[in-house]
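Handing you this structure, nothing more for now.
A, B, C and D label the chains in the order they appear, each numbered from 1.
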Amino acid sequence: MKEAKFSAALVTFGSFRDRYSDYKEPKSTPELLEEATRVDGLSGIEFVSGWDLKDEYLDDIRSSLEKTGLAPVACITNLSFSPRWAKGSFTAYDPETREAAKAEVRKVMDQAAEIKCPLVNLWFGQDGYDYCFQADYLKAWELLVLNLKEVADHNPNIRLGVEYKIKEPRTHCFVGTVGKTILLLHAVDRPNVGAIIDMGHALAAYENCAESIALLKMHGDKLFSVHLNDNYRLWDDDLMVGSIHIIEYLELLYWLEKTGYDYFYSLDIWPAREDGVGAASECIRWIKGLHRVIEKIGMEELEGLIQEGDAVKASATIREALLP
Amino acid sequence: MKEAKFSAALVTFGSFRDRYSDYKEPKSTPELLEEATRVDGLSGIEFVSGWDLKDEYLDDIRSSLEKTGLAPVACITNLSFSPRWAKGSFTAYDPETREAAKAEVRKVMDQAAEIKCPLVNLWFGQDGYDYCFQADYLKAWELLVLNLKEVADHNPNIRLGVEYKIKEPRTHCFVGTVGKTILLLHAVDRPNVGAIIDMGHALAAYENCAESIALLKMHGDKLFSVHLNDNYRLWDDDLMVGSIHIIEYLELLYWLEKTGYDYFYSLDIWPAREDGVGAASECIRWIKGLHRVIEKIGMEELEGLIQEGDAVKASATIREALLP
Amino acid sequence: MKEAKFSAALVTFGSFRDRYSDYKEPKSTPELLEEATRVDGLSGIEFVSGWDLKDEYLDDIRSSLEKTGLAPVACITNLSFSPRWAKGSFTAYDPETREAAKAEVRKVMDQAAEIKCPLVNLWFGQDGYDYCFQADYLKAWELLVLNLKEVADHNPNIRLGVEYKIKEPRTHCFVGTVGKTILLLHAVDRPNVGAIIDMGHALAAYENCAESIALLKMHGDKLFSVHLNDNYRLWDDDLMVGSIHIIEYLELLYWLEKTGYDYFYSLDIWPAREDGVGAASECIRWIKGLHRVIEKIGMEELEGLIQEGDAVKASATIREALLP
Amino acid sequence: MKEAKFSAALVTFGSFRDRYSDYKEPKSTPELLEEATRVDGLSGIEFVSGWDLKDEYLDDIRSSLEKTGLAPVACITNLSFSPRWAKGSFTAYDPETREAAKAEVRKVMDQAAEIKCPLVNLWFGQDGYDYCFQADYLKAWELLVLNLKEVADHNPNIRLGVEYKIKEPRTHCFVGTVGKTILLLHAVDRPNVGAIIDMGHALAAYENCAESIALLKMHGDKLFSVHLNDNYRLWDDDLMVGSIHIIEYLELLYWLEKTGYDYFYSLDIWPAREDGVGAASECIRWIKGLHRVIEKIGMEELEGLIQEGDAVKASATIREALLP
C-alpha cells in the first residue's frame, strides 16, 4: 500500500462553539500552526478562510509552512460561516449575494495560489432550505452549475473540491449526496472541479463511504480529497476516527487504495471537549493501524472476498486479522 | 390543474406478510380486480408479475380491464420476490442469474404489451449488499447499465421505470437515491428508460420528494410514474397518504403539476391491518383534497411564495387555505 | 376545549448562532420584551438564565411584565450554555462543578421567585457522553437523583421541570427519553419536580408525543410544561409549528386536552433566518387552527375513534374536518 | 472474566422470509437441532413457540437436548407471529384476543417447564400502533401491567423476560425503550418478570446498549437475557456480531461483566443469505475475540478509563489492545 499522508484542519487545535456554548479559548493562526507540529504523523494543513486564513496571515502561514515542512492541503472557502450567506451563497435569490459569494471563492483561490495550496474546498452549507415551498429547486441547480463554471475558470490550476453534506446548517442542502454531487460535476464539466467526501457526511446520508468513493472513481476520477471522522450515522458528530465504524473504515481505506487515491487523508474532527493534538494523533494512529490490518490480509485477498460476496468468510478474514 | 388519474397496486386488496406473520386471506386476481372496482375514483391498476400477473391470468385481466374500464398502469417485474434473486438480479455475480433476470424483464415487457400496459416497473430490491466487503461497486454499476440497455432494446415501445429505494430488503440497495438513479439513466441513455419515484422511498432517503421530482424533470424529463404513500421517514412503512406529511404532500403535488406530470397517481400502500378498499379510497380523497388546497391558493401564488423564500409567509398562506 | 395560553422563549426574538455562523443582531432584554408584545396571542414569556435573565435585568423584567401583562412562564437554567458545563453539570466528575451547577439552579429558583415565575426549566444538555467508555452510567444516575432532590428542597414552591432530549449538544444525553425521565422523577420523588416535553425532542427520540403526554399523566400527573416546535424527526430542527407534522400535532393537542393540561403552550423555535415575531405568531395561529379542527370533530368523537382503532375511519374523520 | 456461554435461536439454521421473498428451504425441528450441534462453541438453544417449539416436538427436543448437551435457554412466545395478534395481544381491544394471548403465554410457560427451560421470552411486537388516533395509550399500559401480573403468577418458577423493541412489525411498539420497559417492570412488580435486551433493538432506539444494561442493573437487577446481533442503527437488520459496532460491543461486554451478568449470550441474527451455522460460529468467535481484548486491557484499567472520561486516552487504550 502507498504510505498515507495525513493532514488536519487547523481549527482542530483551536476553540469550538455550538448553538449553546463556547468551548476552549481561541488561538491565533501562528499558535494553531505551532500546535499542529505536535501531532505525530501530520504532514499537511487545511485552512478555513475568514477564520485562520486571512490576507494578514499569509506571510505567517507561508513562513510557518516552510519552517515546519507542513504542506498546504486545502483552503476551505467561507460560504457558510457568515450571516451574509444565511439564505445561500451561489444559490441566494439576491444577485449581489451571489456575486459576493463568487468573489469570495476567487479570493480564496488567489490565497491558495499564494500559499501554493493546490485545492480549494467548496462546501455549500447554507445553500438549501429548511421548509417546504421555500426553494426553487430548478433555479438553484442552474445557479450552482453556472456559478461553479465561472469560478472554475478563474484559475484552472487550482482544483475546486465540492464537499457534499445532506444537512446542517440547513435542514436540507442542495448538494447533499454523492449522486447529486456527480450530477453537478457532470453538468459543470471542468477538469479542475471535483468532489470531496467527508466520511461523516456520507454516513449521515446513509451512504457506504466505500461505495461513494467507487462511484466518484467511475464517474471521471473525481475524488479530490477525503475528510475523515466518525459519527452515529444520524448527524455530523465529527468524532475521532476509530470511535464507531471500524469495519466501514477498513472498507473505505481499501477502496481508497484500490482506486489509486493519492492525496491527503485529512482529519475533520470536532474535539470540543478533548485535547485537539491528542485527538488528531489518535485518528492518525487508528488509520495507520487499520492500514496494517489491510496489509496483513492483503489487497488481493480482500479483492477475492469481494468477488465471492460471502459475508461469513469476509467476517472471518477480518476478525482473524483484526482481533488479538 | 389537470385532473389527476388514480391507480393502485392490485396487491392493495389482497393479503400481506412480513418477517413475522401473515395478514388476511389471499385472493385470486379476478377477486382482486373485483375489489379494485369498489374504490371510489380509481381508474388504473398496477400488477405484480408472479403474484397477480401470470400468463394464465392474462385473459382474465384483459377482459376485466375491458369490462371495468380500468387502465393497466404498470407491470411490476419480479426481480425481488423470489429466492432466485436473493443475492441480486441484474448485478448477481452468477451469470445465469443475470440472464434469468433479463429474461424475466423481457417476459414482463411482453405481458405488458399483451395487456396494453405502457409501463414496466423495475425495482432492484435485491441488488445491493448487507455487509462491508460484500459488493464490487464498480462491477455492479457496469452490470446495471449494460443489462438495462439490453432489456430496454427488447421493446422500445414499452417504458421501463426504475424505482429507486435506499434499503429493504438489502440494508443497502445500489439504486438508492434520486441522484444515483439519474446517473444510471444518463449512462443507460435510452428514451424508454426513466424513473419512478416512491414518496416513501424518497422520505427514507431523507429526500424532499418535490426536489427529486424537479431533478428528474431537469435531467431529461425522466419521471415516468409516482408511487404514493407515507411513512415516519426512517423506513418504508407504506402508510396511507394523509397520515403524516401533509405539507410535503402539498409541495409534491404542486411540483408534479408545475413540471407537467401527466401519468397516474399510483398508490403503493400496505394496509395489512386495514380494509384495502377503504385505505385506497382514503388516499385518493386526501390527494383530491390537497389538490383543492393548491387550487384555493393558486399555482401562481405558490410560485410567488417559492420565489420569495419567506417561510413565515408560506406558512400563513398554506394555513389559511388548509385549516378551517 | 379550554382556551390555550401561549408563551415563547424570549430568545425567539433575538439573535442566533450555530457551529458555523451568527444570524441577526443581538438585542437587549427590554428590546426582546418589546418584540414579544408584538406577537398576536402571546401571553407569557420564558427566560434563559445568563442570556436574557440576569440579576441586573430583574427590575426591567418585572416592570415590563407588569406593564405588558405578559406572564413569566419559565426560567430556563443555564446548565448547558457555558464552557464550565462542557463535561456535565449535575453529573460532572468534578465535585466543584457539580456544586456550581446546583448553586446555579438555586440562583435561578431565586430569580424565578423574584419575578413570580412558578417554573424553572432544567435541561441537562451537557450531561451525557459522546464516546464509549466515557461515562459511568450508574454514577451519573445516582448523581442526577441526589442533586435533583437537593435543589428541589431549596424551594418547594418553585416547580422544577426536567426537559428531556436524546442528543445535542452531547451525542447521548442521560435524560433522553420519556421513559428515563419518568424513572428519574420516581427516584427523585418530590412533588415540585416534574417533566417538560419538547415536541421536537420527542420526535427526535422516535416518540409519539401524544403517547409521552399520556405516560406522564399516568405516572403521577407530571407534565409541567410543553415546548412546541417541529422537525424532520432526526434532529432538533426547532422549526415552526405547522411545518411538517400536522396530524401528530392534532393528536398531541387532543391528549393535552384529554389529560387536563392547563399550563402554557410554549414555543421553542429557532427562526434564525425568519422574522421572530412573525414565526411565533404563525405557530400560535396554527395551534389555534388545529384546536378548531379538534372542536369541529369533537372530543368525544375523537375518543370514539381511538376506541375503535380503525385507521381508515380516523383518516376520514380528520380529513373531512381539516381539508377544505 | 467469566467464561461466556453461547446460545442461538434455532431459527438461525432454518429458512427466512420477509415482505418480498422466501429464503432457503424450511427444516424440521430435529434437523435444526442437528445443525445447531455443528456450531463451534454453542451450548444453548432458544426456541420459538409455534415454529420450532410445538407440543408434538417436545419429546424430540428433550431427547435431542439430552443427547447433545445443549441447554434450553429461552422459549419465545408467539405473541407476534400469527394474524390473530395483528392488532395486539395483551393490549388488543378485543377481550377474547387478550385471553387467547395470556393462554398462549401460559402454554409456553408449561412447555418451558417440560423441557426444563428457565426463561420465557415475551416480545410484544404487535402491541403498538401505526397511525395517530389509533391507540389508547393509557388503556394499553394498564392492560400490559394487568396481564403481565396475571401470567407471571401462573408459574413463579419460570422467568418471563420482556424484550423491548421500538418498532417493527408496528411502526410504534408500546414496549419500545429501556426506560419504558423498566417502568413496566416496576408496575408489574414480580420477581419472575424482567427484561431482555436485544443489542439491535437498543441501537434502533438510539440507545447505547451498555447504558441500558447499567440501567437494568440499577433498577432491580432485571436483565434476564441478551440478544446479540448488529445493525445500521436505523432498523433491526439482525446482522452478524462484528459487522459494524466493534467498540460499542466492547463496552457492552464490559458492562455485562461488570454488572455480574451470568446468563447466556444469545444470538438473534437473520442470515437469510448466509450459511446459518457459519454465521453463528462467526458471532461467537467475534465475541470471544472481543473478550480477549477486554482481558488484554483489564477490567480495572477499563474502569479507570471510565472514571477519567478522557475519550482520547480511552481510544488509545482500545486501539493498542485491538489493532495488530
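The rule is short, and it goes like this: contacts are C-beta pairs under 8 Å (C-beta built on N, C-alpha and C of every residue); 3 or more make two chains touch, one makes a residue touch a chain.
Keep in mind that this is a model prediction, so the values were computed, not measured.
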**Request:** Provide the labels of all chains in contact with subunit C and in contact with subunit D.
**Result:** A, B
**Asked** What is the chain whose Cα centre is as far as it gets from that of subunit B?
**Response** C
**Fill in**
Fit subunit B to subunit C (C-alpha, same chain sequence): the rotation, rounded to steps of 5 degrees, is 180
**Prompt:** What whole-Å value do you get for the distance between subunit A and subunit D if each is reduced to the mean of its CA atoms?
**Reply:** 40
**Request:** Could you grab the centroid distance between subunit A and subunit B? Build each centroid from C-alpha atoms only and quote it in angstrom.
**Result:** 35
**Prompt:** Listing for subunit D: what residues touch at least two other chains?
**Reply:** 87, 130-132, 167, 206, 232, 234, 240, 243, 247-248, 273, 310-311, 315, 318
**Fill in**
Counting only contacts in the complex, subunit A reaches subunit B at residues 87, 93, 129-138, 141, 166-167, 172, 176-183, 186, 205-206, 208, 210-211, 214-215, 217-219, 247-248, 250-251, 254-255, 302, 305-311, 314-315, 318
**Message:** Looking at the complex, which residues from subunit D come into contact with subunit B?
**Reply:** 16-24, 80-83, 85-87, 125-126, 130-132, 167-169, 171, 231-232, 234-235, 237, 239-240, 243, 270, 272-273
**Request:** Enumerate the contact residues on subunit B facing subunit C in the complex.
**Result:** 206, 232-234, 240, 242-248, 271, 273-275, 278-279, 282, 285-286, 289-290, 292-293, 296, 310-313, 315-316, 318-319, 321-324
